[in-house]
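The structure under discussion is supplied below as structure tokens; questions concerning it will follow.
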């Protein structure tokens, strides 16, 4: 789960990390007032859950309240990578000597949490990792003991910091690691981490991504969720226990299982179509869940055909068919529907569906081909 | 032969009195798996489908000597169940549970490894040696005994591929679902090594998906150590970056984990990668000559 | 470091453990008022840092305020194992169904923390451990992961608790373990742990011993120290960085090193004397520390002779001698002094001491013998 | 031969720029110990008595290949220093530091063990192989090379015994101070096993004190595994229960750890126990025949 910069900064500051505290503003007028309060040059930053906001013009410097208001008005009118900006963060501009990167992330390959730092701060760290990986220094935290003090210091030495900066930097690295572990993050990042002209450390941008799997043990994190920043369909799906990701194609997919769902999307593409979504109804695939899934998929106006791909597994085919028929009673299906159903008692299931006048096909490949054709208008609902 | 589970498997079911645990115990028994005991704290003395239930794994071990445990316990309690199984000396633990916090798994992984035990999963369908033992939630009937080892990060997609193999008359030695989480106990490489050693396995199917770099690591391993033919399938060619595709581990992040990279790595290692699940059967047939 | 029952109860309760909260009273009148407040039968317990207060009469039941006042007066006038009682804890009497023992302690043999429980609660657990060890169940916590939930439950099952009691008991065991780790205890104990007649768990007596080595990272624990409960000489020694334990003999000992100090005490005993104290001046053995040590030892009126045993080690003998002479200038030595000094430059050191008119002997054995003789008045100060 | 340290020892000093670290580095160099490097974070580039100083153990290892590290770092930072040494692959770590929290040592002990390294101490005087290498704070001149292995929980008491041996003309193979804390990295048994294996050690002195049950465990081990003569000394016959006698580990608690029990256990294992330190030399002379 993504949270906003200002929320991450608040969490970091709870763990002792010095952050450039700003004021969250929802209007140009609020931004003007904030700039007035700070009485200095300010920076105005779009609060959106996507990267690259700097390049997109979502970060502006303002010399005073007037400029702040203008800049805020422009940013609040923007859409960055398809996401409208609803809030900006107004913070004092800082006199920076140097910019660093400091981040904590799970390293899947080593099954450990890794703390990364770089003197090439302020820019896209993924680019640094690709282009000049030697500019990133890493320490792998012990799975059971965490980040040792000596490792935190070693990061500072490896960055070539002056002696007097190493200990404060190491402290910061430990604090960031502690925050990461405490909130069950999958990413915690300070970029840029500023060394100010008075030789102190300050987090200029704060980023945290929370581990969805761990939300259950942090009920307080629910309050950090920004409904405005999320796709409403994805929100509805989550509430129904369905994994759903909206894409920009025309073929709606309703599948059981994440891997099979991706494979279904890939098959649609293979046969010349474009999937409108990823959707995994989950293991149970009850009639209610299938109905919700169908409704979700159909509420996307781009959808021209729906492909239902169920590998019954433990669930019996007749039960799935029953669920589907039940679901179809409550959902208005306005586009062609292609169903592929396999699994225990598939014959019974298919017969039930065929009797209800639904197209049931044998293989996933056939289903994908049919769905593509249907979306192109070459075939109508059976 | 096969790998990991077979007729000698003596299975313990942790969380046996729960809805899932009880249902799948029946299914596994029906398939012929030797389920020797179950554990649910506070349910000692009960029976589930004729299987005796104990309060603790230690009690179950003392009474019934299981050598494999399967865990159907909700995510908040699953790590504890894994620790209990490992501490009781069970060498192979299969964790079906989905939704375990990732940082919890960082600890669990290290602990299990340090004890010399093997964990399959979590968030996996389990594993099956057709005709011998089913330790998981997959439908048994889609499998048939044969020469192909299957290893996969997925659930139903594995069934799809296995079903394609079976329908093409190609049986499986063992099919192992290693799980869809970012941190899993057993990697592709671990299972590839077992299949390479297993005399009954003649070819291997590797089913990957976006996220992480385990497929790339597997490709490197195959190039160096696997002499048997391997066929691949990678799900998620159309997945966008930054979005979690159901599985906690299926996410392209930090520019890593795309299907294209994985396919390229496998092909560079001489592994043909199918475009469709059904094509896996064709490629395997070709490989087996 | 020992703390009082009421302090331990306060800590336990901070970690969620249900404790029988009482009121600390320093006078019979306060005890009467407390009993009045509770409006029920109360138990009145001496707050002292020694075990066996129950057997010594330091725990009394009172039916009401009148009895409470009488009981408190008696207990406040007591001396238990040499320790005067300055405070009592007045707490409501509880209707108990059964009594258990629950404790967390370091198991030195396994280098692990062990959680112990017994259905033989309320009595001396060391006696249970000796007489009927099978009545104690144990779980060894993982050094890095702590006490697993399943271990806490297993304790409950092993005690033969009814199903509905196991989970609450396990929770309690985990809480006690958490408290133990959090405060850096060397012992945390609930004895008895009561199962009340309404089937809930309640800590009737709470005990914590804190790890002296960990006090530096818990500055808040300093406030828990009860100066009244400690030997004033031991307090003074601690303040000076000297290890000192008062004993009841007549020969004061000033030694460098803990093991050598014990061996010196043993030698005194071996030659028929009785050591007045254990004293380790520590590694440095500066003149100031030697002076403080001498003063401490001499302030015990029982001391009839002082034995100084220094194995110079890295410290040079002449430096030690200098320190001793320096020390003797500021301390009034009213009893015979026997000095044994070995180490680098021992000759120089001994000569310096001899020139100052002090007895210097060669071996520890000789020193001990001389000190015993001196204490018996058979020899005077050289 | 000797055990643990010798002419091949390449010593790293952690905390070399501190008062203690610097002083004892000079002493160890004077004794002839091969001190190859020191570590103090932020002091890289400096020299202490001619020994080069590094910021991190990893740097020191890369540059000077030490095989033993000695730690003179204050208690709050000593565990980290141990982890750093172990993680850098140094097989033998000697921790002089006194006052490390016991629960910290529970973790350190487990970690060091899991990495297959050996820790001596903490709260110990270190160890010495007379004439070859002094890795500790003991006065060097009281030792002389010879056939007696010494292992002790104490500091100055060990000097006392060693001095008695040397004055009696009996030299030492290696003298190991294992430390006075409740949890120490190396136990009597570990060192007894080494002395039993060491061809140059002909007899062994074991110096124990009150607290814990390590002497009893050692007695059991001697009975089973040690064929060389062992002489014991136990300090604290006159110590009262419940009082910590200086060393954090020297406390009779829970009715365990009395000198009487330890002496009885050793004597039952055929180990004569001296009443006075000087008597150790007499008993050793008798044992060596």
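Chains here go by letter, A, B, C and D, matching the order in which they are written, and residues are numbered from 1 within each.
Heads up, the rule we're going with is that a residue touches a chain if its C-beta (ideal position, glycine included) is under 8 Å from a C-beta of that chain, and two chains touch if they have at least 3 such contacts.
Small disclaimer: the values here were computed from a predicted structure and weren't measured.
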Request  = Please work out which of A-C and B-C is bridged by more C-beta pairs in contact, and write that pair.
outcome  = B-C
Task = Please compute the C-alpha centroid of chain B, do the same for chain D, then give the distance between them in whole Å.
result = 49
Query = Hey, how far is the Cα centre of chain A from the one of chain D, in Å?
reply = 55
Message = If a residue has to touch 2 or more other chains to count, which residues of chain B qualify?
response = 107, 111
Request  = Send over the residues of chain C in touch with two or more other chains.
outcome  = 144-145
Request  = Would you mind giving me the full set of chain pairs in touch?
outcome  = A-B, A-C, A-D, B-C, C-D
Task = Going by the contact rule at the top, pick out the chain A residues touching chain D in the complex.
result = 142, 145, 148-150, 153-154, 157, 163, 166-167
Key: Interfacial residue positions of chain D with respect to chain A in the complex   = 41-42, 44, 55-59, 77, 80-81, 83-84, 87, 107, 111
Message = Residue numbers of chain B touching chain A in their complex, please.
response = 23-24, 27, 75-76, 99-107, 109-111, 137-139, 141, 152-160, 163, 180-183, 207, 209-214, 217, 233, 235-240, 243-250, 254-255, 259, 275-278
Remark   = Listed in rising order, the residues of chain C that touch chain D in the complex are 105-106, 108-109, 111-113, 126, 129-130, 143-144, 181, 184, 186, 211-214, 216-217, 243, 245, 247, 255-263, 265-270, 275, 278, 280, 283, 311-314, 342-344, 363-365
Key: Contact set on chain A toward chain C in their complex   = 144-145
